[in-house]
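Below you'll find the structures, each written out as structure tokens.
Across the two complexes that follow, chain A remains constant while its partner is chain B and subsequently chain C.
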Partner chain A sequence: MSTVGTPYRGKSGQWAFISHRVSGFLVFMFLLLHVVDVSLVQDKHLYNEVHAVYGNVVLRVFEVGLLFALVFHALNGLRIILIDFFPEAVRRDKTLFAVVVFITLAACIPGGYVILRPFINGHF
Partner chain B sequence: MAVVDVELKIKRYNPEQDKKPHWETYEVRVEDTDRVVDALHEVKWHHDGTLSFRRSCVHGVCGSDAMVINGSNALACVLLVKDVGTNITVEPIRGLRVIKDLVVDMEPFFDQYKSVLPYLINSTDPGYEERRQSPEDRERFDDTTKCILCAACTTSCPIYWGNESYVGPAAIVNAHRFIFDSRDEAAGDRLDILNQRSGVWRCRTAFSCTEACPRDIKITQAIQEVKRAILYNRI
Partner chain C sequence: MAIRAPEKEPTPPPSLRAQRPRPNFETWSWFFMRISGLVLLFLALIHFTLTHIMHDVVKTNYNFVAHRWHNLGWRIFDWSLLALALAHGLNGLRLIVDDYVRRPGRRAATKATLYMLTGVLFAYGTMVIFTFPRA
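Presenting the complex of A and B:
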């Protein structure tokens, strides 16, 4: 075991906190990339070539990750707003977190399938 | 009740000898209904007298022996061996400077506690009578009267680990105890203090404090009540 220490074993609230930051960072990084790729619209040819790159399998998998991060971050943000303004939500934060995780999975698994379908079916 | 052999892994640090903390493992025999602090006593009294840790009442009231036990904050004198298993790791609480082994410097924590004016402020003289209060008014802050200042909440907070200027959950709990006390007159002062950069707005509702509190105080709820009192300017 290292001398640094063990990870703190928090409960769902801590994981919501960490996931919120990680997903927020990922979404922000994508946003920077997105600003660059959209700004290429001045040159139609270059724009199309760069966007064709998004069609490759590595970036499609990245987009699935982005979908999970985006949906989770948005829903957990709503959870935090509820916790900030409604006393009842503070008492039920674990239930709310479970709802956030459930909706994220329910929306992103089919969504991820749609994004990766060309590669799963072999028609790309 | 049964006798069990416990493997106790303790994070040791002696600033006079060690550059960095290191782990040491001790085998001790205790009853499964013993508390973790009994296992620590077994080490200190029979295996290695140089082990340092704080404890005073040893009954969960004085708040001296908060530690990271198997990865999360707890009082060593409350947690039973049978509830944590026979492989126990013990570390000092985080976010405060380690003085030796499991003993940390609590001064910053107490300074933060003192900064929120944690005492009754009322300029009127009640004469020879008590300051009376209805049961409903007393109930308003009942939960936050239970704090024993063990620092388990504050040192479980991921924000506090990264930002030592944050007053931390314990200070806010003790501010809450007086802010919502109908006999007190300085709620506005406390809300001003907690409305600063180091105050309640650093809380990101990770709920670690609520999970860590050995007195089961609903800490996040108390912090949110203080936030809303500032936001709506209403107690």
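Presenting the complex of A and C:
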């Protein structure tokens, strides 16, 4: 570690750091599973049978969680890139993190509603 | 990552540059995460929007995949997403393992499992995408 300092220090930054790790870890775990379930497409009936399980409400909620993790990780990643290439932006770190959280919620609440809509309408 | 020194310091840029350590593997790892992350932002969000928002997950059955993969462009899109997401995630997990798995033996074993699992899934996924019969 150099003595120059690190942008990854402080209050909102600490939360951003841990959320970035947790969301990245969860998305990667899902990705490993997802490669396996899509690969079942080699067998039409097996794929369709396994795939139908994703329509279940439990997995729909899981899918909404994936959406939140994915969008948060993507936007927070943008915040990290911004600070890395424009270090002055670290002074506005709290605002930037608030913007990340706000856009994540603004995108994922309607998105989550669309995913859960078939269940809400009674088709499950 | 080093950030720029305080603005009021009169040091001219060339000497700042000289202070930087020589680029090593971690430098390229850092750079790769930024570039792949930017590309994945588009690939992953387009993929999620198409297969989970625009089409309900129940509708993305065998026929949906067959129809999509009729187009070579989508196969290349899906393969790029597979390759970049696995590489980006693998590198992220490598850093997480370095941080939390402290004992050398256990760390090596965890990484070996991680690399093997990711390698196998990458090979398997690639095979599935490009050997799927064209409808």
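In this section, the second predicted complex is superposed on the first by the 114 of 124 C-alpha atoms of A that agree within 3 Å, B and C clash if a C-alpha of one lies under 4 Å from a C-alpha of the other, contacts with A are read in each partner's own complex, and residues count from 1 in each chain.
Just so it is clear, contacts are C-beta pairs under 8 Å (C-beta built on N, C-alpha and C of every residue); 3 or more make two chains touch, one makes a residue touch a chain.
Remember, it's a predicted structure, so these values are computed and weren't measured experimentally.
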| item | value |
| --- | --- |
| Touched partner set for A:K11, first chain B, second chain C, both or neither | first |
| Chain B versus chain C as contact partner of A:N48, first or second or both or neither | second |
| Which of chain B and chain C A:D93 touches, first, second, both or neither | first |
| Partner chain(s) touched by A:D84 [first = chain B, second = chain C, both, neither] | both |
| Contacts of A:I120 with chain B and chain C, given as first, second, both or neither | neither |
| Which superposed partner A:I109 touches (first chain B, second chain C, both, neither) | neither |
| Touched partner set for A:V57, first chain B, second chain C, both or neither | neither |
| Residues of chain A touched, compared between chain B and chain C (which is higher) | C |
| Overlapping contact positions on chain A, where the chain C interface meets the chain B interface | 5-7, 84, 87, 90 |
| Residues on chain C engaged by chain A in the complex (per definition of touch) | 1-5, 19, 21, 34, 37-38, 40-41, 44-45, 48, 52-53, 56-58, 60-62, 65, 82, 85-86, 89-90, 92-93, 96, 117-118, 121, 124-125, 128, 132 |
| Chain B residues touching chain A - in the complex, by the definition given at the top | 9, 11, 20-23, 68, 70-72, 89, 91, 94, 156, 158, 204-208, 210-211, 218, 220-221, 224-225, 227-228 |
| In the complex with chain C, residue positions of chain A that touch it | 2, 4-7, 21, 24-25, 27-28, 31-32, 35-36, 38-39, 41-42, 44, 47-48, 51-52, 54-55, 60, 63, 66-67, 70-71, 74, 77-78, 81, 84, 87-88, 90, 111, 114-115, 118 |
| Contacting residues of chain A [partner chain B, same complex] | 1, 3, 5-14, 16-18, 80, 83-85, 87, 90-91, 93 |
